[in-house]
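Both of the next two complexes hold subunit A, though its partner changes from subunit B to subunit C.
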Partner chain A sequence: MAVFFIALGGPARFTALLATGLNLLLTLFLFARYDQLIGGWQYVREMAVLPQLRLNFSLGADGLSLTMLLLTTLVSFAAIWTAPKIERSPQLFYCCLLLISGGLVGAFSSIDLFFLYGFHEIALIPVFIMIGIWGSGDRQRAAWKATLYLGAGSFLVLLGIVALYLSGPAGLRSFDVRSLLEMAQSDLFHPASWIYLLLLAGLGTLVSLFPFHSWAPSTYSSAPPSTAMLHAGVLKKFGLYGLLRFVLPLFPEAVTQFSTLLLALLTCNILYIGYVTMAQRRLDWTLAYSSVMHMGTIFLGLASMNMMGLSGAGLFMFGHGLSIALLLALCGALKRRTTTLEYHELGGLAKLTPRLSLLFGFATMASLGLPGFTNFAGEVLIFFGATATAVIDHGSLPFIVATIAAVWGVVISSIYMLRAYRAVFFGALRETARCAAVQDLRPFEFLPASLLIVCLLVTGIFPKLLLKMLTLAFS
Partner chain B sequence: MLLADLFYPVNPLYLEFSVVLLGLALLVVEAFVPGCSKKALALIGVTGLLLILLATWLPWQPLDPSMASAHFYTWDALALFFKRFMIVMTILTMLMSLPFVPSIERSIPGEKSGSGVGEFFILPIFACASLMWLVSAVNFIMLFVSLECLSIVLYVAITYFRNDSKSLEAGTKYLILSALATGFLVYGIAWIFGTTGTMSINELSKAIAGLPLSSLTPLLFGIGLILVAFCFKIGAVPFQFWLPDVYQGAPTPITAFLSVASKAGGFVILLRLLEQLYTIPLLAKKMSVIVLALAVMTLLFGNLAAMAQSNMKRLLAYSSIAHTGYLLMAVVSIGAPLMGMAIQCYLAAYLLMTSLAFLVLLIVSQKLSNDELYSFQGLHQRSPFLACAMTIAMASLAGLPLTIGFIGKLFVFEVALQQRHYGLVVIGSISVVAGLYYYLKVVRAMYWQQPSEGAYPIVVSKKIGCLIGALAGGIVVLGIYPAPLFFLFK
Partner chain C sequence: MVYLAPLVAAVLILFAAGCCKRVSASLAIGSVLISCAGSWVLFLQGTDLMVSGMTWMDFGKVLTIPIGMNIDALTRTMMVVVTSIATLVFTYSLGYMREEEGYCRYFAGLSFFLFSMLGIVVASNFVMLFINWELVGFSSYLLIMHFFEKPAAADAGKQAFIVNRLGDFGLFLGILLLWIATGSLSFETINKASSLFTDHPALLAVALLLVFCGTVGKSAQFPLHVWLPNSMEGPTPVSSLLHAATMVAAGVYMLARIFPLLHCSPMAREGIMWIGAITALMAALMATQQNDFKKVLAYSTISQLGYMVTAVGVASSASVPMFHLFTHAFFKCLLFLTAGSVMVSMHHELDIWKMGGLRKRMPITFVTFLCGMLALAGAPFFSGSFSKDLIMKFAFQENKIVFWMIVIAAAFTAFYITRVCMVAFFGKPRSEHAAMALESPLVMTAPLILLSIPAVFSGYPWVEHIFITPLGSASLLQETPAYVEWLFISFFILGTVGAILLYRNATQDPVVIPFFAQRFYIDNLYEWCVQKIQGGVANLAAFFDRWIVDAFLVQGIASLVWSIGFVLRFLQVGSLQIYTLFLGAGVIFLVTLLLRIH
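Coming up: the complex of A and B.
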């Protein structure tokens, strides 16, 4: 497992591509070799770090983390492949991308909360640097906003983790997810519910849960496409992963106790942000807000707390990660050609760029949850899971409202995605200079996007590939 | 036989004596060996200190309690750790002074070139010896004498640049305020002696326990005065006014020494004193309120004031105040099982990251001969290596994970949570986010902005490069695998 650490030897484009490619193959290999009969954590490697705190550096993978690892390596590979020629210090660019990606791989394969948290934080400074140097628009503000929001959010998570650690019985305290769960099951361990709120606020900030979402749109629209792909596609999923990994299993009572709060917030995510998304007049802002909105649906899956909802959330995380990365990559490609993303300045590009518009069409369909794509399977499972919980709860009103909102959210997202698609690619071709000499996608843009689409289709048509793994993790 | 008697079991007092002897020997060599290169002098000093550092692992025996010196000098784990700490910091200061030689030569008026450089290397050795005494002091007299020794060395070192008005101003400020603090200290000691009749810190709690309630007020008055003196040393708000000016004016290696070693010495005494006072429940309550207030003020002031700084040295000065705040957070939580470890760990982390930051600052400011934040602009293009090292230092100071600064912060927040100081933890969290802002300001300058005057590269010599690499590597490696650090605490 230790091979996951990427050597930053000669970090030019080729090395970066090679490293992430190898990583992808390795993950696929691990994915295939995972023994589904046994389940649980496999490939575990441990090393004692601080015996005084019972802190171990332990790596391993189970169904959930393997799914996330697959997502990480896929998106990193595509993000590096699709990066255009960098004018200013390319070494630094690829170094930063690799650092983000390596940190995520480390985070998703850590069993120990300390390192789970630590690896995630590696991304903070590279993202700051990347937005600042290669970003667009009001990039300085966006970089500060994202960094301070995420820094504060992760600090809350840290406090939550330390409090969690301290609430264990002395002598048995541990950062290890496995032993924490064991302790919780054997009634040795009763973390207070304020820790749950702390962790929810912290992880919620990382996932852009309403009302901590305002960093996300500006970040995604200002960051260079590759960074935005990694950030929106994978980094943001870290918060959800944290919730799934240790928060929900450790606080079953607190989750039910505060479920109304969570449901209210996620309904805001879906409806409020959904309508905000509809009001956007620029492609990048539409995509950025849509990614915030979809988090609400995933949260609904988490809140349902049953097998269907949770594995649906896992599946949707995977699908959404791929589809938003795909959309952002194409959006970046479009911007390089037209230098603008305002709807009123674009239109009719389908004639000039058939390949781009075809891929974008696929991405749109994936994002709004058309059957055949992973997102559809995920969303359907989430709705079923949420409805099941609502029924078991004797028709708990907040659950019903939130589920209806989420289903309505699908309609909202169809509206804005299709409208965006129409505004950019159909209608009359604007006779502005910007749209006059637009070329179609080149291979370095076309191939990674197709790779992502193929993955979306494969896991969409055969969701069982992933679902088997996910259900193993949640059983 | 005789030799074995002489050295085993050895009296630990020899450690300090050997440091002083080393300093004296270097002075003699400097004065009487003509043509002795200053660099060789520094290297002899560093080698000597390294040998003494190794010697701390010898099986020293605690002093025989019947000996007179045992009433003054203790040999416990805390003292041992901080003796090593002081030696390491002195070595780093001397190594840092090597690339600083051109600045010294420029600022010292002398007939021949290189005059006055030798002493600059030797002064920290004497400061080191007095700090080593200080961390072992268990008697107010011993404490006072070693503190004065230290202060006198620092007065000279801070005003070392006699041509530079800033250095002189810093020295004067330090002289006056430090003298004032010393006055408070002596006066406080007098009051405590007057009420309890003992000069020993170790017997303080026993003496206080037998006191009538009426003598509590004079006792508290004395303790308050002593606290003022040590808050001055560690730079806790509201006794921090000297810090930014002195840090800015003093020669950079001395600033680093002041910021790390002198602060650590103050914390050791604070710990020894408070540990005694906390055994009396009535005093414990009062003390914890005072220290809590100090911690809150220091955290807020240090972090919020640092956000507005545009001079790198002043920024580091305010950041040093902020770190005092975090350390005080741990001090408030006295009684938590890991409290001592938290403070040691934090200070060790602080040593590495502050030295690295000052070292990079020193090299960059040598090229532009100023230490404003804008001289860091575009450093990434002028020297990716330095920019990377500085980013690591800043990440560690900000407490980002996988650096040693994070381990320190983790411990501090853990002990604070364990003692249920929730309000303090909230203030601490606000300061961490504020800290993220001003440390990232440096990162922004290095990466986002274009260099101000033509991007000519900064060449770092191999030796200094190794030193920077070792410090940066230490920060990251110990941040991931801190076990070696804890080996030192045993």
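Coming up: the complex of A and C.
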């Protein structure tokens, strides 16, 4: 499947919506057509680019990438649908959104690491532009910070990928994930463990692993809601996808060797960032930090390195992508109405905006892991996976501590999410001008959010829909 | 079908919301009637069923979570209790909520609660139980916050949810531990797995006590009891159904579920016994000094739940705590519904010192209250005395200190409920509302009358024989001396007479003990902890993140980059062409590099 919707003419919004809608349908089609009995990579298309380098432009999809593709197309569709009227050059705005979406589709369907990286860059760069042009608040600074961090992260990833390529035996060097894995399994290929650390730092920065997280709050609060949805929901997951796709399978020894380091960092993500989130007094900052915090739980799933943990991480990536996109969309809708997100200036809005508060309630519950939503299923699986590893394989103290911290994280996230929900929507209505004339959601805001909620509920009640795919990818 | 009917109703009401009051109410009532009838049919059939539907998650041998139902004697009794009481409370709500806002929302919440509560009851494994456990907590949150414009209600809902989550933190860790140790999540397997723990009694005790944390949260045991009195901000039928009769008893039900395993761990049982006894006594003392009608009942619920938990710790069979759960469900539900009836006629005034003389104005409410009160106080021939008696006997056999704690608590129970009765129903009216109070409509008094029948009779041996004996026979190891029973009765008389003498014709409280009235200052302590310690840690972390990690690192890197050269300044120009230029140049550079190396 190729990226086919770049050309934009005529009414930008309509074209964009049509393109992402079609893309969503196509992905659903592919998802349904995927042969679960065979598993592995399917729909593979290859094209030799540089035969001397064994560099191929090869696309395809397996269980993991199909799940991510589904997430991408869902969030893109919702993000474009929910975008408000753009004052400044709407053409460019939708073009950027489509570039992000298209880049992601490309990245998640690339088998070749070189193109995987290239597509990610295509998706990343428009984010900076969008913050710079359509952002709010101190947007120049936010754009600069995001560029710096994410640019540095990507650079490390690039170095890591090149090093990985070079460490293959001459003549067999390849960027192809499949052949790299084959070589690793047949003992032809022993990438050094510093490459693992390089890739972990690079991909970790992209996923806001502690201590490389501080780009996230300013980015998400300054970016336009649609961009923030796409970035927090999907683009951020690229780092995790990379780890799942090639880093963990290629470096099983290094992962075990440095597991204490990873566990310490992810525990910081959960506990330290959890408490930072609790101290926030603004909705957008709370949401941004909460998304940083949840990454810790996903990392725990990765670190557990067993079927349950990895599938749980995949499931949680999907659930978190949808729920944070939903929260950011509603947060954007709220900001357009009240122009402020400070808790002390808001309150009692449920009276005026029953629909918004109902949807926000769903999103809150999804985010704090109420059963019935995908996030819960993912979290539970991660906990089971981590416990199994902690007790059976290692019996190591850091693992047990990290698992307990992650379960405690559920308590923390319910504290800050319920506080936020309480502060904005319940209690007495604030008698300020900002809250007095607030109108309820309009269809273009209501429908995409409902779409995301329905998806969260369906995959939360029937997680096997996704788990079947994910387990195929990790078996 | 029994299980799903309320869910269907809840979802339908959600979609039909706002359109018509009557539709949503009849949907809810219809669904609860179906559930109730179904439960009775199941009960009368009396066959054990194992329904294993689809699997929720499937990882082969390691972890398989089926959506399974397990219907045995325990389930049947609990289902009958839950659905019968729910039917009465739903009906009562028709009258109670008639003039309130958010009628549809209310019935949707109530139906959703019933669905998840039945989910707990029929769950065949720990994960299904946990899922419904959380959903019950969620519906409780919704219903407590029904009047969300009141800050106190909004805060109470939030607090209930968070405190329950604290308990669930332990519960989930306990589930993980049991899963690791036994390799299974189903109650059936876990209950048979005691032999695995013969060498590790401490591990079993830790796992069970962690699971017990869930009970401490859900059944409002010390130290997590604070949320229950605050939850009285919800509508009174909700307090009656969720926070007295059924939901809070779910914690005890769960312990009864795993009783066979629990029975093998004396250490865990001892811990459970102490927590129960402390809660029973402490809450009874707190209840003696509350002036709010519903708050007295709330502390009374905590105290009675303490009895049940003590019973889990001391009894030889799950039937003992379940017996008290059974009788308590009826009389406490009744007491709350009478409170609701009083509230409606008093225009939502709850201070008992503003009532008085209601006996004459509201005769039906008064008589039914009397039934509930005597059952709660443990008067002979009323239901509560039978089940409490049994707990006392077991406590006497196990531990004398615990025995005295709960006997004294029983005296205070008689005292505080008689106090409410004397102040609210006797004497002279002390406010205009009290003087003008009117009896409630039939839709509210009918459930009262119906409930007062089991409140009186549900403890009698023939009732016990039908509902409780199938759960297992509770036999004492040795004969209890006769004075134990006399002691119990004399403590009941002491408490009742004491309250009558003190509060007859009183116009203000003759006894003032701030320590009890202020709930031992536990709420204040927690508030201080949350604000100062948790808030402090959070603020410190935020400060650190903002000024050290972010400012230092970012500024550090930024200045580094600036000093490298101003070429990079183009980066912040923010123009598409330059970015793409960079991208293209980078790719070309890279490919050339690789070709060279090759």
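FYI, the second predicted complex is superposed on the first by the 464 of 475 C-alpha atoms of A that agree within 3 Å, B and C clash if a C-alpha of one lies under 4 Å from a C-alpha of the other, contacts with A are read in each partner's own complex, and residues count from 1 in each chain.
Please note the rule applied: a residue touches a chain if its C-beta (ideal position, glycine included) is under 8 Å from a C-beta of that chain, and two chains touch if they have at least 3 such contacts.
In this text, all values refer to a predicted model and were calculated from it rather than measured experimentally.
Touch criterion not met for A:447: it reaches neither subunit B nor subunit C.
In the superposition on chain A, A:166 makes contact with both subunit B and subunit C. Looking at the shared chain after the overlay, A:457 reaches neither subunit B nor subunit C.
Once the two complexes are laid over each other on the shared chain, residue contacts for A:129 go to subunit B and to subunit C alike.
Once the two complexes are laid over each other on the shared chain, residue contacts for A:276 go to subunit C alone; subunit B is not touched. Shared-chain residue A:50: touches subunit B and subunit C both.
Look at A:147: by the touch rule set out above, it reaches both subunit B and subunit C. By the document's definition of touching, both partners, subunit B and subunit C, reach A:121.
In the superposed pair of complexes, A:201 makes contact with neither subunit B nor subunit C. With both complexes superposed, C is the one of subunit B and subunit C in contact with more subunit A residues.
Subunit A residues in contact with subunit B (one complex) as well as with subunit C (other complex) are 50, 52, 92, 118, 121-122, 125, 128-129, 132-133, 140, 144, 147-148, 151-152, 158, 162, 165-166.
Considering their complex, residues 50, 52-53, 92, 118, 121-122, 125, 128-129, 132-133, 140, 143-145, 147-149, 151-152, 158, 162, 165-166, 211, 214, 272-273, 275-276, 278-280, 307-308, 311, 348, 350-351, 365, 370-372, 376-377, 380-381, 383-384, 387-388, 391-392, 403-404, 407-408, 410-411, 414-415, 418-419, 422, 425-429, 463-464, 467, 471 of subunit A touch subunit C. Interface of subunit B with subunit A (complex): residues 338, 341, 380-381, 384, 391, 395, 400-402, 406, 410, 413-414, 417-418, 425, 429, 432-433, 436-437, 440, 443-444, 447-448, 480-483, 486.
By the touch rule above, subunit C contacts subunit A in their complex via residues 55-59, 62-63, 127, 130-132, 134-135, 138, 145, 148-151, 154-155, 158, 161-162, 165-166, 168-169, 172-173, 176, 179-180, 534-535, 537-542, 545, 549-550, 553-554, 557-558, 561, 571-572, 574-576, 579-580, 583, 587, 590-591, 594-595, 597-598. Against subunit B, in their complex, subunit A makes its touches with residues 48-52, 57, 89, 91-92, 114, 117-119, 121-122, 124-125, 128-129, 132-133, 140, 144, 147-148, 151-152, 155-156, 158-159, 162-163, 165-166.
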